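Heads up: the structure comes next, in structure tokens.
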Amino acid sequence: MLEPIHVSLESLNLITLAPMLIAIAGGLIILILDLINGKLHKSLYVMMTILILFIDFGAVLGLNVNERGFFDVMLIDGISIISQLMIIGGSMIFIPLALTSKRFHEYSYPEFFALFLFMIAGFQFMVATDNLILIFVGIETASLALYTLIALHNRSNSYEAAVKYFTMGALAAAFFAMGSAVVYALTGSIELYKVAEVMATRLNETGLMIAIFGSSVLLLVAFSFKLSLFPFHTWAPDVYEGASAPLAGYMSVIPKIAAFVVSIRLFGMYIDLGVEWVRIVILVMAVLTMTLANIMALVQNDVKRMLAYSSISHAGFIMAALALDTTEGNTAIFLYYALFMFTNLGAFAMLWISRHKKRRFDKRYDHPYEKFAGLVQIMPMGAVVMGIFMLSLAGVPPFSVFWGKIYVMQAAVNAGYIWLAIVMALNSAIAAYYYLKLVVYMFLKDPVKDVDIVYYNISKPLMVIIGFATVATVAAIFYVQPLVSYLYYMISASGY
Amino acid sequence: MIGLSHYLIVSAIIFSIGLVGVLRRRNLLMLFFATEVMLNAVNIAFAAISHYYNDLTGQMFAFFIIAIAASEVAVGLGILIVLFKKHGSLDLDDLASMRG
Amino acid sequence: MENLVYIALFAPFVSSLFAALFGMTERKIWIGVVASMLLATSLVASITLAYTVYTTGNAIHVTMMDWINAGDLNIPFGFVVDQVSVTMMTVVTLVSTVVHIYAIGYMDHDKSFNRFFSYLSAFVFSMMILVMSDNFAGLFIGWEGVGVCSWLLIGFWYHKPDVSKEENPSVSPSWAANEAFIMNRIADLGMLVGIFVIYWNTGSLQYDEVFAQLPYLSESVLTIAAITLFIGAMGKSAQFPLHTWLTDAMEGPTPVSALIHAATMVTAGVFLVIRANPLFAAVPDVSFFIASLGTFVAFYAASMALVERDLKRIIAYSTLSQLGYMFAAAGLGAYWIALFHLAAHAFFKALLFLGAGNVMHAMHDELDIFKMGDLRKKMKGTWIYMTLASVALAGLPPLAGFWSKDAIIETAFNEHTYFLWIMLVITAGMTAFYSFRQIFLTFHGEDRHTALGFHPHEMYTFVLVAMSPLAVLATITGWFMKEYEAFITKLLPQYEMSEHTHHLASYLGLIVIFFALSGIAIAYLKYARTGDKAWKRDEKIESSFLYKLLKNQYFVPKFYEEFITKPYMMASEVFWTKVDLKIVDATVDNIAKFFYTSGDKTRSMQTGNLSNYLNWMAVGGVMLLVIAAISAMIG
Amino acid sequence: MDNILSILVFFPAVAGLLGFVVDKESARAYGITVAAIEFLLSLWLWFSFDMGNAGMQFVELIPLIPDMGISYYLGVDGISLFILIMTTLMTLIGMASMGETKNIKNMIVTLLFLEMTMVGVFVALDAIIFYLFWELSLVPMLYIIGAWGGPLRIYASIKFFLYTFTGSLIMLVGMLFVAYIYHNLTGVWSFAITDWYALVLPVDYQLWLFAAFFVGFAIKVPMFPFHTWIPYAHGQAPTIGSVILAAVLLKMGTYGFVRFSLPMFPDASVMAITPIAVLAIIMVIYTAMIAYAQKDMKQVIAYSSVSHMGIIMLGLFAMNAEGLSGSVFQMLSHGIVSGALFMLVGMIYERRHTKLLSEFGGLAAVMPKFAVIFGVMLMASVGLPLTIGFVGEFLVLLGFYHVSPVITVLAGTSIILGAIYMLRVMKLVFFGPLDNEENKKLKDLNARETWSLIPLVAIVIWLGVYPKPVLQPIDNSVKSLLVFMEGKARTDEAKDMIKTAKTSTSIQEAK
């Protein structure tokens, strides 16, 4: 007979689950509110979401570093805390973008906000565990919610985007599951810390290397898809174009942070084990990603698509830092995303305010460069702000992304990868062209169409968010130090 | 005697069949089926390995995969329906308005 | 005494600034007067200084302030007034005072009258710096300063259009000015290099310190320094092959030609050699080369003057030729004789030019002597002056030219360089011929100008009076040769004729006089007579090869045009349009284009078709698996 | 006022921000006033500068990102002092002489921001702060060229930006590597240049790092073959853009060599003498020839800039006090002279809306003042003694003669070739008959133009006649730099080559 299981509530350490539970509960509350009164305005949901995220944020802050809980499934180490904070923080500045002056029907559905919160819970699960099952569940929870959010944007492009993302996501999920199966077959475990232990003892067994490589490849495919690395990036431009601008901005940052955390855990493990091959493959993919995405971004006609390619390129940039597998490299990932988040969300928000409810700029594109021609004459502050975002993305000091860039490059140099630093430098130079192209359109050209087309969608909350992003972008030099030291401390505390 | 490797080979074959299905099919619905096939191939592997190690984790994983596959289908079919309403077709080749 | 030095130096500067203040306002005669008076002040100061130096025998040395101090280099604005510089100062201020006064009359109709005086005085100031400086860098300031002033003054009538002339390559004053400036710059580079050599080997640029160091320097350093400095001298003194600018410089106003391109600036090269005589004395080979080149130029220039029709250009050739004489003397070690000839030449050549200016003024800027003739009746004073100057130039006793030139020729004999001697003697004959060819064609013979509608008239009297000091000096300078020798050889090395030469001195002198007289006689026979025997243009001679060769200046300007100017222009064009735009710039642009086009190509992977995307993904995955399998098997 | 450098850096920026509020009509007066105050502040800096001290003065150090070793670290020495003063002067004069009327407020604000970045570059003693200002200076310039430029302005501005940006990113990698080495040796992160000076690097490291910095600086200078952006930038830029570009932005490159390459990599610098000298000669001769072939007045001056920068580059690598001091002095001289020349071309362009040489001729008759000032600047440009142009050029050539006579003679052709192309411009524009009807009506310089040029003329002559007040502090710093380099050099070859001045020993002892 099986012994009855005795588990003390204390040993479960349920507090580690609290942040996710708060998000899920918040989503449910919103759904219940809608059941009670179906005519509530979206601003209520937005504020509710912010409040829930605020509590969530607090709950994460309250966690102790390096704890396990819930049958040791949850892992609360430094990177899980900082990544959760970034995910929640990013979401908090994303969600007010729903408060546009024009009504976009997806935001009037409370389901949008509920799904959004579930998605956040999914991300939090992804980062707060080293159990492959929970990672899988987290990924899928978040992804399924995200597919739906994209589709809710109710344009034919959005459906197309959702379908593309969904199908490829399903394939990636299959790869992830297969990869997990191989890992399980190799080690008899799906807890990464145990996997690492077992694998370390089996590394020298003949014939096993192919299985280890195989497992890494299967997992790599799955995460390369998430992180949009070449050649698994093909979905990204289309999905970004199909999704609404804020969501595209969101997608280029938050899901990637979550995916990066898992990647650090997974591939960091392989590299730590001495499987140099993984490092090489990642480096090659990273270099290819940043270069190819850059040169494709060069020829784009649409700003949103350009930004999509640019965020692919940035992801490649950061992936290279991951391959370094040093504390600095890992710090660089978070620092980069923390700094990139403001600028990128700001840039997408600027696209968002130029969005017309029905009319598109032309048949094919909604945000072609021409739309922004002469913006400085129509909307001087807007042009300056957008210009600052572009310069920041290009890596012009002292704007935020520059500090991330030099940290990544310094990490590469310190790890002895000077060639990588040079490749990064050259890529930044190529990238400068397409960012500059927008600056040129905004500042140096004359408007092409009627002047009123540019800022239909502006509203106070949007201005606040953009203002916040601008300040964060410009004043980066003053908060980089605390940010770096906090991130570095947390990451080294969790042993990465 | 049928051993672990046989199961794994079957799993790999089914996985490949699923993959080929994903690549070759032009109908979105068929494509979804193919991904389901792939996930189920993984299930076979998990169940077999779980049995081999005499460890229940693998079977748990398999259960989770089944659950997720189900929700995936639910969400996927939902998206397919709105897409079909809009486009009137589920053919992949009709679905290429964004490119470049 | 210091104040006198400063007065001598800065009076022209003040004059220049004063005139410059009114540079853009309309012509005012009194500005010329003030300028001339300031120049006269400078002249008086110079003469006083000369007297002081003569009586005390000591040099006056003043240091005004620091100029450039960097590293171990210290260059002050220091000035030295010794026998050599005081000679130059006196000559320069004297001639320039006369020229200033002359210019009041000559330029009286020019609307840029004020500007002219500003330039002219600035030139004198630069020239004073050049001769008075106590170091090579200061010399270089003056050197470049006179170059710029010469550029300004040659191009004074900047508004004249470019005209192509068959026999005269100079197309306009501004063209000639640029030519002069650029050619001088070529030589200046040599001079600069000389200064560098001196600095890095002696650690100083002060004359006295440098000369004190000379004995410790190696032969090769001395040779290089001497050669490079002489290259500088060649430019300023228009020695072959940098001579073409001088004749073209005649495009400038005549007072300018008199002052700059005859009396003062062009002798700066000779002055440099004299100033740096310890250096040149230490390298006999270079000195001999200088002497040979000088002799060659003397002959070469004289030969071109034989066929020239342009009044001023004839005098310019004669200047060139006389500079050759000076270099010959300096190269042979007779530095003081060179200096003496320099001074004497300054007087008679300035007089000659100013006379030519009078003719030009009378003939409304017509310079072709073939169109003149028989002017002496209408321009008596000018005729006397010019004849006097020509006699001096031809080297007939008792005028100045005879003494100095004879001394040079004697030196060539004394040094046993008989070839040089013969050349110089022949040249003396040629000099006499062309000088009097010019005099006769202008003032004697048939009247050719009236038919062409010219109505010449004599110059203002005050101008003629102002010229008189030059006439006097051109006459008497030679008589004081012995006294001058005593004065100057306190600083410059003695030059003693050998016993042998001394014996032959009078014969040698007679030979020179014979040649000169024959030249004059031939000129008289050919050009001065009237009536049936009057001179006619001879087509046969003019179409002969030799005539053409001389007329075209041995085709040197053409050669420069064809083999330097045009290729340079072509090369510049090619560098710009072919190399810079098509290669260097295109490379940069092509790198950018490469990225852009490869972006376009890569972009095609983004077909928009989900099936392709899935293929990419699967292919990527399978590829990675294959690579994994291969590398697992290998490693 | 110990923090005068910070004030100098941020005063224009703050003024620029406030400038958004100023009324359009008053913007020009506002800009000129601010620039004048900034200039006076920089003069004040000069007067309170200790001439006897060869080291850094007015140092400010505030740690910004200690974890990365980045601090706000400013200071000025004899070399940067005068470049800084020239920067403020040229900004003031450029602004005062500006004839631009379109979008004047934006122009003023942009210029003030540009001034901040330029001053920042010259006082920064932290590599990252230096890099920050260096990159940031591209942005206002991009805008100036792109918004007020000629027909090809967008191409020109992007080319300018991307070219420099690419080079400086490579330089950034170099900086990061130096910081890494510094960290390896000391365990501390630091980007402070003065800390980096203490590093004695192995020769092969020096060479690689020299190359990395070289790319950044050489593009900015611009050295052959990286110079092709400059004809476009100058050709398209509005007058004020060209003035600032030629006067200040190009100096950043040469200044970078003095500040970074020479003291940090003495051995590599000595090894680089020959290649750099060859490039410099090509710059001098080749671009001088190209300048001669130009049909556009402004392009002549643009190419002449490159040619003169060749002389400056040569002087930097003379490895003796004469050449190096001369080179720094030549930076000032070139800044003022080419700035003035660009202003002059701008003035004629405003009147005739063309810069083609063939359109002009005989202007001296109608515009005598213009012709005189142009003539003075021309003479300074070709290095006439007693003008500012001579001192630097003479010292550079003198200095480099010690290194290589042959190269010096080749580079010395600059005085010939310079005269050739400049005199051609003079002849085509000012001389000859005034036969173009449109030119007959041209007005001579007005009061504003005259008075903005006269200070420059005065400086050109003052520093030509009496360069000591400027040359001496430069020379002091240069001498101690050379002593430092000699002490730090590892190879005998470098020790032989670096020639410290005899008079500099006293400074060494005093330290």
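As written, the chains take the letters A, B, C and D, and residue 1 is the first residue of each chain.
Heads up, the rule we're going with is that a contact is a pair of C-beta atoms (placed from the backbone, for glycine too) under 8 Å apart; a residue touches a chain by one contact, two chains touch by 3 or more.
Here the structure is a predicted model, which means the values were calculated and not measured.
Looking at chain B and chain D, the chains that touch each of them are A, C.
Chain D has its Cα centroid nearest to the centroid of all protein Cα atoms in the structure. Of all chains, B has its CA centroid at the greatest distance from the CA centroid of chain D.
Centroids built from CA atoms put chain C at 96 Å from chain B. In whole angstrom, the spacing between the mean C-alpha positions of chain C and chain D is 36. In whole angstrom, the spacing between the mean C-alpha positions of chain A and chain B is 25.
Mean C-alpha positions place chain A and chain C at a centre distance of 78 Å.
The set of chain B residues touching two or more other chains comprises 22, 31, 95, 97-100. Multi-chain contact residues of chain C, defined as those touching 2 or more other chains: 592, 603, 606, 608, 610, 614, 618. Contact with two or more other chains is made by residues 162 of chain D.
Inter-chain contacts occur between A-B, A-C, A-D, B-C, C-D.
Within the complex formed with chain D, the chain A residues making contact are 391, 394-398, 402-403, 406-407, 409-410, 413-414, 418, 421-422, 425-426, 428-429, 432-433, 436-437, 439-440, 443-445, 477-478, 480-481, 484-485, 488. Here chain C touches chain B in the complex through residues 603, 606-611, 614-615, 618, going by the rule given at the top.
Those residues of chain D that touch chain C in the complex are listed here as 159, 162-163, 224-225, 227-229, 231, 286, 289-290, 292-294, 320-322, 325-326, 329, 362, 364-365, 368-369, 372, 379, 382, 384-386, 390-391, 394-395, 397-399, 401-402, 405, 408-409, 412-413, 415-416, 419-420, 423-424, 426-427, 430-435, 465-468, 471-472, 474-475, 478-479, 501-503. Residue ranges of chain C in contact with chain A, taken from their complex: 592, 595-596, 598-600, 602-603, 605-606, 608, 610, 612-614, 616-621, 624-625, 627-629, 631-633, 635. Contact residues of chain B toward chain C in the complex are 19, 22-23, 26, 31, 92-93, 95-100.
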